[in-house]
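You will see two complexes here that share chain A, one where it goes with chain B and one where it goes with chain C.
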Partner chain A sequence: MILIFVIAILFIGGILAWLSEFINPKLPRVVAVICLLVNGVLLLTLLDAPTLVQDGIDGDWLVHLKASWLPRFGIYFQVGVDGLSLLMLLLTVFLGIISCGAAWNEIVDRAGFFYFNLLWTLAGVAGVFVALDLFLFFFFWEVMLIPMYLIIAIWGHENKNYAAMKFFIFTQVTGLLMLISILVLAYSHYQQFGYFSFDYFELKNVQLGSSLGMAVMLGFFISFGTKLPTVPFHTWLPDAHSQAPTAGSVMLAGILLKTGAYGLIRFTLPLFPEATATFTPIAMTLAAISIVYCAKVAFAQTDIKRLIAYTSVSHMGFVMLGIFAWNAQALQGAVMTMLAHGLSAAALFMLAGGLQHRIHTRDMSNMGGFWTKVPLMSVVALFFSIAALGMPGLGNFVGEFLVLLGAFRVSVPLTVISAFGLILASVYSLWVLQKVFQGKYDSGKIDDASLVDLSRQEMIFYIAMMLGLVWMGMYPQSFLDMSATTLDHLLQSTEALRVGL
Partner chain B sequence: MLDLIWLLPGFPLAGFLILTLTGGRLPKNLVALVGAGSVGLGFLVAALASYELQSSGADHFTRLLWTWMAAGNFQSDFAFYMDSLTVVMILIISGVGFLIHLYSTGFMLDDPSYSRFFAYMNLFVASMLVLVLADNLVLLYLGWEGVGLCSYLLIGFWYEKPSNGYAARKAFVVTRVGDTSMAIGLFLLFSQLGTLNIQDLMHNAQEQWQLGSGMAIAASLLLLGGAVGKSAQLPLQTWLPDAMAGPTPISALIHAATMVTAGVYLIARTHILFELAPSVQLLVAWLGLITLLLAGFTALTQHDIKRILAYSTISQIGYMFLGLGVGAWSASVFHLMTHAFFKALLFLAAGTVILSLHHEHNIFKMGGKRKQLPVAFWSFVIGSLALAAFPYTSGFFSKDEILLGALEMGGPGIWLWAGGVLGAFLTGMYSFRLVFVVFFGESKGHHEAREVTGFSMVAPLMVLMVFSVFGGWIQVPVDNVFSHGAIQEEHHVSFIMHAIMIAVPLLGIGVSYLFYVSRTFSVEKLMANKTAAALHKFWFSGWGMDALYQRLFVKPFVSLARANKKDIIDGIVSIIVRAITVANSLMVRTQNGQLRWYAASMVAGLVIILAVGVLL
Partner chain C sequence: MNTQITAQDLVPLLPIILTSASAVIVMLLIAIKRNHALICASSIAGLAIVVVAAFAVVPESPQQISPLLIIDSYSLFFTIVILMLAACIAVFSFNYLYNLDDDVEEFYLLLLLATLGAVVMVSSNHFISAFLGLETLSISLYGMIAYPVHSKEAVKFPLEASVKYLVLSAVSSTFILFGIALLYAQTGTLSFSDLSAVLTSPGANTGIFVMALLLLSAGMAFKLSLAPFHMWTPDVYEGAPLPASAFLATIGKAAMFVLLLRFFMVSKALQFEAVVAVFSLIAVVSILFGNVLALLQDNLKRILAYSSIAHMGYLLIALIAVHYSTGTMAIEAVSFYLVAYVVMTLGAFGVATVVSSSEKEFDFVSDYQGLFWREPWLATAFTAMLLSLAGIPLTVGFIGKFYVILAGVEGALWVLLAVLVVGSGIGIYYYLRIIYRMIMPADHQVQFRETGLNRIGSYVVLSFLLLSLLVLGVYPAFLMSIIEAISTSI
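Let's look at the complex of A and B:
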């Protein structure tokens, strides 16, 4: 039942937040945070839940629920949580609260509708992380799209309509491909077993020919790869990020991108072990290109949000590299990178958003020497830049190191190319620090009337994320242990079918 | 105390945390107490733990703190490992480190960012201690990267000047090139040997790999890549001379106690891998030799007091690499120690000179400062004597051992020996060029300047002077770490060779004397010669390496990145969008409301369909 609550609270909370605006315009944000806190507590109770033993659901499920929905087509309301899902849900709730913090003072116009969209996006994401029926999964996949579109289109910056439309079309078109793939899969199940099914566990048994399997797999891959995003489907992201309000960027980078990676781990590789094994060299090549190419493009940007957006693509390249390497170290590393990048990218976007809020520009060529003006903000920026460039002792290093360690056993050349991303990450990260915070302060270039240091409230959020990254970096075992059983299981279930490839 | 060995990096780390979290709100004397005191406490822990290890009779000790990360069959721990090599390293790092901290409490007194300075310094020492204490290569890598980060922060300490920021980034990125090579080495080692615990790794390598096997060569080459980055050896030496941008005590820390010795330590620690790949080991020797000569020539031409010392560091680390390459492991570690003494002394003394002369760096604007700056003068004399391997100073013993090691190697050893001797000549020359130009001759400028003194700044110099002179008598008991081969025997070298090795540095000092004191030779006349002038310019630029890298890597990368700022892939996507827009407008145009046009297109369509039907 907890799962139903978790999702329902987000949906209903969204409506309540909207309505509460009519009582007091400052109420919606409070409603949103309360909903998320309640969800957080609910999820924490799952931490010591025992693994279920039940027929027909292989895995280490902590919670599982299956209710009839459209039985005629084999569609059920089936949700479940295992270690991997739980980690992702916790990340979602944590960053959800952070996004509320980012929006707290920034969003004043139509706040009720904003928090409605925020909570509904999160509801969609939470649904994606728990759905075990592919039809239901697709439903949630679409749910998270539209409110996010509205967040960019309504509360975005100067070029918001273009960015929102681009985001929408990219996600929608590729979502359509996934829908087709899901339908083909369900129909193939009908052909082979005599009835329609969208059940995740049942669809694993469907046998597709090699060319049909590849086509269906690609439907999933392109959809998830666009969300992740990976080269060449990444170009919506820089626009969406640079135009979205800060809270939107935090959710995009921190949570929404992770649904793509989650989809690859949960669905694409387990459902199509043979096709993905054949496809692995291409996917890993795309990942390596993403890492190096986007790091290089990031370096050239002058819009600070665009720059961080490109670094996101670069870091998510490590995630895809790890997923397709498909062994214990690489997968654990991919999950760890998802968590760590969730925090570090969210924090960097918050910093960029905070800067834009203060000086009304994102153009780095107008910045410089801010260390003397905003020392606290500078230290925080230093911390998260260092985290992002993969400093050992912080979460991102653990993730990327394990990914590369695992990927090396699959492809030496691609791992070596990807490792160059480590050098390039240091180049662009330090460049940003130099451009914005170091150097001589020139007050003539910007409107610095409101350039004030971080407030106590902002610091609370940043400190929370810093502690998270230090925890992940110094004692990653808390997180690795949670996802280990899930990932081991996925590896074992596909092992037999991938052999010899 | 052995069980509490984690306190050793723990104290400086705590110092870092205290100074960071208080964010500069502590009064300066408290900052000094925390900053220098934490390293001092660390030294006490190191000394007690070392004593305990020696007296226990065990040759190593491991302390597991917690499992860092475990995934599948991979595991890496937060665990510290101590043997006699570690003992030497931790004593140098915390001991010399403490003296440098003590000195800094006086040197940095007027700086507004006093607290930030000590925070970074403490983190630096803590990282370096983790590096040498790590029992596995991943933890070592943590210290390794931490050292790189702190050097970045400290070199760019005065961040308002963009050139400092540039130097800092250069240091970080250049060393990171090496670090990445090392990381790939780690991946290779794990994939082949199934562990990254250093002792297990060495054991497995000996079991599984043949002498000279391809894997051993690849692995040791990749680790060497990391080592040359951190230790500023060819081809990644270019960051070190620019690293002078930070406050002077930092240079002392980077050059003497931490950072640049990391590469030497790494090779010494994994020496079994290098012994399995003799070709790579020989490469280490040659790299060391070439680096020490190139840097020696360059040091002859510099006029920034700190740059001269920087090139001398590169050169002396070259000696250590030479020693590692010829298998004189203990001698290299010995030289690492003596070098830490006299290089810290020289840099701190340079700090005194610079501070006393109002931030003057150019030695040719000094001159005759013997009387004005007596402490600095004697520090420089003693430090330079040790650097030039004057008989019975500390540097003499250690350099001697390395050169004898080269001689005993046989084969190409004689050439390595000869190169090393030439390097010793250069060392004598450039080190005393500095002494003669700064402290002798007639006084130029800064007549009113008075030497900055005070207990905190003079005491470290005194201690280091003692160690620079007598440090050669300290027994470095590291033979048992390297003793799986033949135990070091007494050297059997002919008297003539010995005489040469003693005489050559003196000759170098003598030549310097003839140029800069007696003026028997004239630099001006030499520079009148076109070839000499061109050579001077070439050496001065560090053999044109910076310009080469600028042209080879930096410029192409930057221009390529700038050219593709708009992301060509987005351009391709836009083409699709434009194509759709164009198609759309064409379609729109067909709906023009004219009956003729509709009728005609219907007929045309019909014809085409019929034609297709007939033809098929």
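Let's look at the complex of A and C:
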């Protein structure tokens, strides 16, 4: 039941937030934060829940629920949470609150509708992280698109129509490919077992031929690879990130990208062990290209938000590298990178958004020497840049290090190439810092009337994220333990099939 | 076969008889007293009675009444759908025609007659009845399209639209007739079921059959506005008054498609590879043309016209899948998609109708700029309809697309599915373009008419459509089981 509450609170809270605008335009943000806090408490109660023992669900499920939905096609409302899902849900709620913080003073126009969209996006994301029926999964996968589209299209910046449209078309078209793949799976289940099924556990038993299996796997891969994103499906991301309002960028980078990685871990590899084994060299090559190429492209940007967007693609390359390496270290590293990048990228986008809010430009060529004007902000930016470049002691380092460690066992050349990504990351991170915060301050280039340092309220959010990153870097075991059983189980379930190759 | 109609046979025929009777009663009422509200109300009441009668007849089905008509659960289901759509359109017509500077009452008469034609079409399994139904529908539509022709204030060009539709519809009818004639010359029968025996028998003259079937299909493709027979569609939709466009786009298409499905199911005419190939080609061209041409339009009615071309293409995929699959899945796909299509299309036309009237139609995309902030409720409804047309979850359009893709997967129609993906991708652009217009800051030059009492009915109907769209999009299990049941009966 707790999962229904978690999702329903977000959906209903969204509607309440919208309606509360008519009482007081400042009410929606309060409603949104309250909903998220309640959800956070609900999820925290799951932390020490015992593992369920039940037929038909293999894995370390803490909560599981199955109810009939569309019996004609064997579609169930089936949701469940294991360690991996729970981590992702906690990240979702945490960054959801951070997004509300980012929007707190920035979004004053039509705030009710904004928080409605924010909560509905989060509802879709939460649904994606718990769905165990592929139809339900696809349902939530698509539900999060519309509110995100509206967030970009209504509250975005100068080129919002183009960016929002591109985001929507990329994800929707690749989503249709996934829908076709899901239906092929369900229909194959019908042919082999005599009834339609969209059940995650039952679909694992479906045997597809090698060519059909590869085609169906690609349908999933392209859809998740677009959301992640990986080269060559990444071009929507810099546009969407740079045009979205700050809260939108935070949600996109922090949460929405992770749904793609989650999909790969939960569905693509376990459902198609043979096809993905064949596909691994290509996927890992794409990941390595993403890491190096996007790091280099990031270096060429002048728009600060576009730059951060490209670095996101680069970091997500590590995630994909780790996932396709498909061993314990690499997977742990991928999950760790997802969490750490969620925090660091969200913080960087908030900083970029904060800067834009203050000086009305994202063009770095106009910036410089801000350390003297906004020292606090500069220190915060230094911290998160260093986190992003993979400084030991912070979460990102743990994740990327584990990924490289695991990937090394699968492919030495690709790991070596990917490791250059770490060097490039230090180059662009420090370059940005130098460009924006160091050097000589020139007040003529920008409108610095409202260039003030971080407020106390903003600091609270940044400090929360800093603590998270330090925790992840200093004592990663608490996070690794949560996902370990899930990941071990996924590895074991595919091992037998992979060894046979 | 029994060619006599006995008194008992009249019971299953009640929906058709009562529809005709309501038309006659409405005509007499007009002769006694011209009163717009009265005539509209009695038409809707008539349709409501027929819906009740159709439900009452369900236990009597299936029955073949004379060789001409079949009353089975499939025909009754679509009879009910059509009657409900007609009632909705009658409500929309009331506010649209409210200010017309001419007699308005006969519009409802034509509406009832056209509905009668559509009901006959979905109940026929014989060429004679099918053709009679088709012509009843078409001829009434000529009148409906040209209806405001004497109005001095009418901004549109209904006469042009009507004549265009008249000429092209007549041409396509001759195609159909010629196809029927060729089939009759070869087989000596006009009944769908007798035809199947001849078509499947060895030694059949394949060349003539294929020729006849292609002529027949071309004629039907005209009526369904499938590319490359679609040229009339945008012009007629744009020129016609909104309720007539809505009728043409929903009931006109649905009745024709049900007839097409029944003909190809019963006669097993899809066994000819050439026919399947031509249908596949038509589907591909329709999806691509419809979606690409819609990109360039600024007029809402034209966008909906092109999008309906694309949607007919999607439906055709499911129809082709009927041939390749063994179960009833593909038939269910066609049936569900038709229901989804009529709900969302009528809803989209309904939004335009609610704000328009005969002397001022708001049919440009720019008229809807900032609708979200001016009339949030209307904009929400419109957005839902458009997202449904684009096939996004939470709406019935998504379930429809789910069915069509499943049917395509079952038939292993990979090329057609690829075209569907491309087409949907293009489609999103023009649907979102309208939504984007609605969320832009309001343009204060455009003023819709005040919401008067005459519009309340339309708002109620629109709410009903929105509710159906969402309920059928989230929990369609009920409709799914009905459609599963009726699809086995065809």
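Miscellaneous remarks
Throughout what follows, the second predicted complex is superposed on the first by the 499 of 501 C-alpha atoms of A that agree within 3 Å, B and C clash if a C-alpha of one lies under 4 Å from a C-alpha of the other, contacts with A are read in each partner's own complex, and residues count from 1 in each chain.
As a convention for this text, contacts are C-beta pairs under 8 Å (C-beta built on N, C-alpha and C of every residue); 3 or more make two chains touch, one makes a residue touch a chain.
If you're wondering where the values come from, they're calculated on a predicted model, not measured in any experiment.
Once the two complexes are overlaid on the shared chain, A:T235 sits against chain B while remaining clear of chain C.
In the superposed pair of complexes, A:L177 makes contact with chain C only, with no contact to chain B. Once chain A of one complex is fitted onto chain A of the other, the partner contacts of A:R72 are limited to chain C, with no touch recorded for chain B. Within the superposed three-chain model, A:R456 lies out of touch with both chain B and chain C [touch as defined at top].
In the superposed pair of complexes, A:Q332 makes contact with chain B only, with no contact to chain C. Chain A is touched at more residues by one of its partners, and among chain B and chain C that partner is B. In the superposition on chain A, contact of A:V416 is made with chain B only, not with chain C.
Across the superposed pair, chain B and chain C touch chain A at no common residue.
Interface residues of chain A facing chain B in the complex, by the touch rule stated above, are 231-232, 234-235, 238, 296-297, 299-301, 310, 327-329, 332-333, 369, 371-372, 375-376, 379, 386, 391-393, 397-398, 401-402, 404-406, 408-409, 415-416, 419-420, 422-423, 426-427, 430-431, 434, 437-441, 474-477, 480, 484. Looking at the complex, you find that chain A touches chain C at residues 69-73, 110, 135, 138-139, 142-143, 145-146, 149-150, 153-154, 161, 164-165, 168-169, 172-173, 176-177, 179-180, 183-184, 186-187. Touching chain A in their complex are the following residues of chain C: 373, 387, 390, 392-394, 398, 401-402, 405-406, 409-410, 417, 420-422, 424-425, 428-429, 432-433, 436, 439, 475-477, 480-481, 484. Considering their complex, residues 20, 23, 66-74, 78, 138, 141-142, 145-146, 149, 152, 156, 159-162, 165-166, 168-169, 172-173, 176-177, 179-180, 183-184, 186-188, 190-191, 557, 560-562, 564-565, 567, 569-570, 572-573 of chain B touch chain A.
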